[in-house]
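So, here's a batch of structures to check.
Each of the two complexes below includes chain A, the first together with chain B, the second together with chain C.
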Partner chain A sequence: MSDLHIASVTKLFGETSVLKGVTLDVKDGEFISLVGPSGCGKSTLLRIIAGLETPTTGTIAIGGADVTQLRAADRNLSMVFQSYALYPHLTVAENIAVPLQMRQMTALQRLPLLGGLLPSARAQAGDIAQAVSHAAQILEIAPLLDRKPGQLSGGQRQRVALGRALVRDPAAFLLDEPLSNLDAKLRVQTRTEIAELHRRLQATFIYVTHDQVEAMTMSDRIAVMMGGEILQCAPPDVIYEDPDDIRVAEFIGSPKINILPVERNGTVLTVFDQVLSAHFSADSPKLMQMGLRPEALRLTQTAPLLTGRVVHLENLGAEIFAQVALDSNGSRVTLRAIPAQRHSLGLGVQVGLSFDLNSVMLFDADGARLRKAEVAATRAAEVA
Partner chain B sequence: MVAVDASGATRVTKPKADNRQARTGWMLATPALVLMVLILLVPIILAGVLSFTNYSLGNSGFGWVGLQNYERLFARSTYEKMFVATFTYVVTVVPISVGLGLGAALLVHSLGRIGDIYKTIYFLPVMATLLAMAIAWEFMLHPTIGMVNRTLEMACGTWLEVIPFFAGGCADGFPIWLGDRDYAIWVVCFIGIWQGFGFNMVLFLAGLTSVHRELYHAAEMDGARSGWERFRLVTWPALGPTTVFVVTISCIRAFQVFDTIEAFWPQGGGPNKSAYVMMFAIFEKGIQQNLIGIGSAITMLFLLFVMFLTLIQRWLVERKVHY
Partner chain C sequence: MTRDWWKHLVLILGAIIVLAPFYMMVSYSFKSPGEIDRGEGGFFGRQEMMIDPRCVALRQPGRADIEAARARFVGQDDASVQASLLAETEADCSMRPALFNYSKAFTEAPLVRYLLNGVAVTLSIFLIQSVVALPAAYALAKLNFWGRDAVFGLVLFCLLIPVHAIALPLYIGLAKLGLTNTYAALVVPWTISVFGIFLMRQFFMTVPDDLIDAARMDGMSELAIVWRVMLPTAIPALLAFAIFSVVAHWNDYFWPRIVVTGNRDLFTPPLGLREFKGDGDGSFFGPMMATATVIVTPLIVAFLLAQRRFIDGITLSGMK
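Right, the complex of A and B next:
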């Protein structure tokens, strides 16, 4: 177990720049998720960490030692692949044993027939069999050890791939979208199991996914990647509540965050000509974007800041998501309501919406967060 | 009562529907069955029947000779030579052409664009007419004016004479290849390999494209450092079905070798019948000498070998190499 240090890694595929200077520090025993839309470079970053790709520039260090020039086999990392990549001709037990055989036995000991005759090889094989059965116990796949991967279900194969990764004691586990081939129910279950496995092993996990739910539920920290860069790397609650960038805010959170244009005229802050704050005194751009989570919006009859008509309702039982087309420009915002408010929501019903200024996130036109402006706006509202 | 009637009625109508469906099925299969019987089974049965006779083409009748033809096959030295030549050829050509095909496929596969050039070059002998190629080889292997011996003679007087083969060749003349009973079958083997391995290479190349790339990455992560380890862990098992197919096809092709021998020695299957392979024997006995009975007996034996090989392949494919 050791920490991992990624320093300004770039990767060019021909002319295309896939990674644009990624820097990331992973602490020993941390579960970190690389999350982002497809094509953002998260898998490439993982493969560079693994050693399956070489970075164009930058360095990778594991436990303080620079491994940039080391090949994957010498880096002491384990990887679980999206397709599981199990050897189809070997049984489950043999699959799990491969990493140990490759690392602990000599080429002579591994020879198919002759190897079995060597006493040293027999002793080794005994140790390996023990390690395999231990790994199988952890993952509860002991009854499957004699089967071939072709006879297993997707979830079982996934466990075998995990078993092959954890049978030895690697510096870190790398997981490349390991749940994406499972059905929804199994995914939820396996998610919990991987998180528990992490707690139990106290090992470093680097987990690549495009699914924000997986990232939010399992990680100690999430690194949101887009366009070959890490936009923000922080614990899940910070990523959700305090994003640095409008792209992070938009990517994390379901339903998506509402973005509305905000204008500043002197000291007056307005959204669709509704005054938000009359005594706003911050040095901020004239045009800004405002991010409002669906749960920050509330229904109100008195002095609504926004008005609109309900155009779509999603009742999830415990909560209701209503899409409201705003009267001012027809853009839609999503509102989260509690079931008790169901009677006041109906298709086509006119509603008034309001929100607290301290739940507002402000971004400039390029999407960078304006925290100073938010503080100023909140303070101005309190004064008023 | 009604319910009983109804169930009784269905019990009657259902077999009827089944019958009709079965009849339609047979009707649809009939053309294929007829063709199979006419062009495959009937000739085989005819050959089987003829192998117990002394029939000759043009004769109005024939006599039953029982197992006499088969007894001859296992008693006469000519046929012993036939078996020796055939099995020498098969046992030499199959492993080497499969091995070379696999090696060439791995090398070509590891190259990028340039691989296509090699692919074309290695495949050229497969596309060429073997008969024409045999004539070209005959010229090259001519004892005095042939390219091969001329090239070998260039080694005379150099340090290469240390090697006994060159020492002997420079002193007493190099082998006369096609005219030497010790060399003839090996020359035929060499040409068989040269001609056949490109085909195997193409089959292996097709097999290689189906190997999952992530498996190589998994092998690397698992600590397979050398190319040989990756080959043993990933490539070779993945090529299992291809290999069984290639070996079977190569065996059958090797049993069928004929054109080279016909081109080199139209009169008799090599010096001292050292290259008298089965196909040539069938041709010589059955066609040239019009001994249909003995020709049919060799054919039946040939069929038996090929059938045996095919059965082994079926068994291997079903049991061993499909995961």
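Right, the complex of A and C next:
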């Protein structure tokens, strides 16, 4: 079993607190993404899991065994680095063989000349060569085995780094932004390949990225980190559709979610003096924030809830994103439209916008989600 | 004509000043003593047959030789037999000056032995310096430990201490240990090179941390990282250091002169040059310069080879 338990881990670098008590359970075979803006502590958390940093407080357990005090070399984890970190003086085959040599051969067997003369070392070397060529086949890098890393392209180096990680059978794979040095096209391709690799190996993957698309497309669960904390850890669809926190809602989703102020006067819920729900009866703060995904907004001529002028258009072919400056306070909202609506959108055109209360997310002034208030608002709207 | 012609002129003049003694050395090593004294014969000398006076003096025909040779020179008196024998001896002892100088260099003193001593001493020094400097530099560059900056400060401080200032205490220490006139005395004082530690530390600072972390993830101990990861990536820097170290200790005259007092078996090549120092009968400049040429040749060859590896090493550092 290689499930992973991270219990209230904190990390101080001098006076700066990088991790503020992170707790995370990763099931065996799960693909977890740690996603967040730079400086949120996601890489530090990964390095603590790897054993390259020691936590200030808290514990790490792999398969039920506490490994907090164990060296990185003894934790049986594999890691793929952003810079690939291949040994520049070794060929691809030798690079991939290193983890096996270090773990399976004795110091005597590894000696440069003498080791080759030992019969046991030769048998080992044969096994290792077999494992290397197997890994090379999985990653389709067999023709490159004799080259040096300096002679490879970025994508090829990336595969070699993956090969070095998967040649042995680690408890978990740790990947630190492995795609960020690749060009856009290769990134999309490698993304698919890593996801397929995960399905094939059935191993635990912990994947650090700042790219929400990578996190959304590959993971079983996403842990959104900000300011040294995990704000929410849930499957991608939950993170997108049902975020716990306004920061999660704002970080995940492109274009960004629209946030509008909502006011409650007694039982009346209003946005820019437009009544949303007249018989709102929940116990909620007077001032709230409303999150609306761009696809939740729709163009309408009859009784629009919001009106504004189109100030910017982005036509992506399959969809159009329009930025609308609201008449009420000039703030911009983004609307996702289909190409058929192109004729009704043009720079400077006055448009009316509407939305369903079902698709509204309410947050309090601090950004915490107000689910009860949403239910009440929806119910009140249905009654009306 | 470029505007920078004067820079080239200065550089050419500098090069001439640096190269002139080498030119003289190589030129003298080819010439006969007479040509050296008179300063003639161009670079190679005229390479006329010359007679080695010492060879002739050692083989002066005596009474017994004349009696023995009488059978070959029938009907001649003693004086003419002696003259004929002398002429034969002179013919045996005459050779081209270049051959004379170089054969003298190897026969007059055990130059091969000195060269082997030099190789043994400089290689031992460099090997032990590397064994000490690489882990020390790795620790100073990449490990966090209490007092690291202070230790590095000490390294920098030691760079400022001139060798000659501590020569006497070093000599007394070695003498008390009974190590003078041993190979150990030639090697031990130089085994910790602060310059080497400093140079390698500066290079290791440029090695990406990810590479070391990757090695740790692959199961390497810290020492394994030094030998299996840092050393191969540091080959260019190590070669640069090797040039400094080997040149300095191969050419060193001062320290071997101090600790090797009697035993000629321990002489390093520069000490061997003293063998041709003129005593009463004038200096043997030709053989002396031939010896000097033999001594510097390995260095020049090694440097040219290392220069090629230098360039290889630099292309190897394309890690990212």
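The working rule: the second predicted complex is superposed on the first by the 383 of 384 C-alpha atoms of A that agree within 3 Å, B and C clash if a C-alpha of one lies under 4 Å from a C-alpha of the other, contacts with A are read in each partner's own complex, and residues count from 1 in each chain.
Note that in this section contacts are C-beta pairs under 8 Å (C-beta built on N, C-alpha and C of every residue); 3 or more make two chains touch, one makes a residue touch a chain.
As the structure is a prediction and not an experimental result, all values here were calculated from the model.
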Combined model on chain A where chain B meets chain C, clash or fit: clash
First (chain B), second (chain C), both or neither touched by A:Arg164: both
First, second, both or neither for A:Thr68, with chain B first and chain C second: neither
Which superposed partner A:His89 touches (first chain B, second chain C, both, neither): both
Partner chain in contact with A:Ser331 - chain B first, chain C second, else both or neither: neither
Which of chain B and chain C A:Gln274 touches, first, second, both or neither: neither
Against chain B, colliding segment of chain C, chosen among 38-46, 56-64 or 74-82: 38-46
Overlap of chain C and chain B interfaces on chain A (superposed complexes): 47, 50-52, 71-74, 77-79, 81-83, 85-90, 98-99, 102-103, 148-150, 164
Chain A-touching residues of chain B, taken from the complex the two chains share: 212, 214-215, 217-225, 229, 233-234, 237-238, 240, 323
Complex interface listing, chain A residues touching chain B: 47, 50-52, 71-74, 77-79, 81-83, 85-90, 98-99, 102-103, 107, 148-150, 164
Residue ranges of chain A touching chain C (in the complex, touch as defined): 47, 50-52, 71-74, 77-79, 81-90, 98-99, 102-103, 148-150, 164
In the complex with chain A, residue positions of chain C that touch it: 208, 210-211, 213-221, 224, 229, 232-233, 235, 315-320
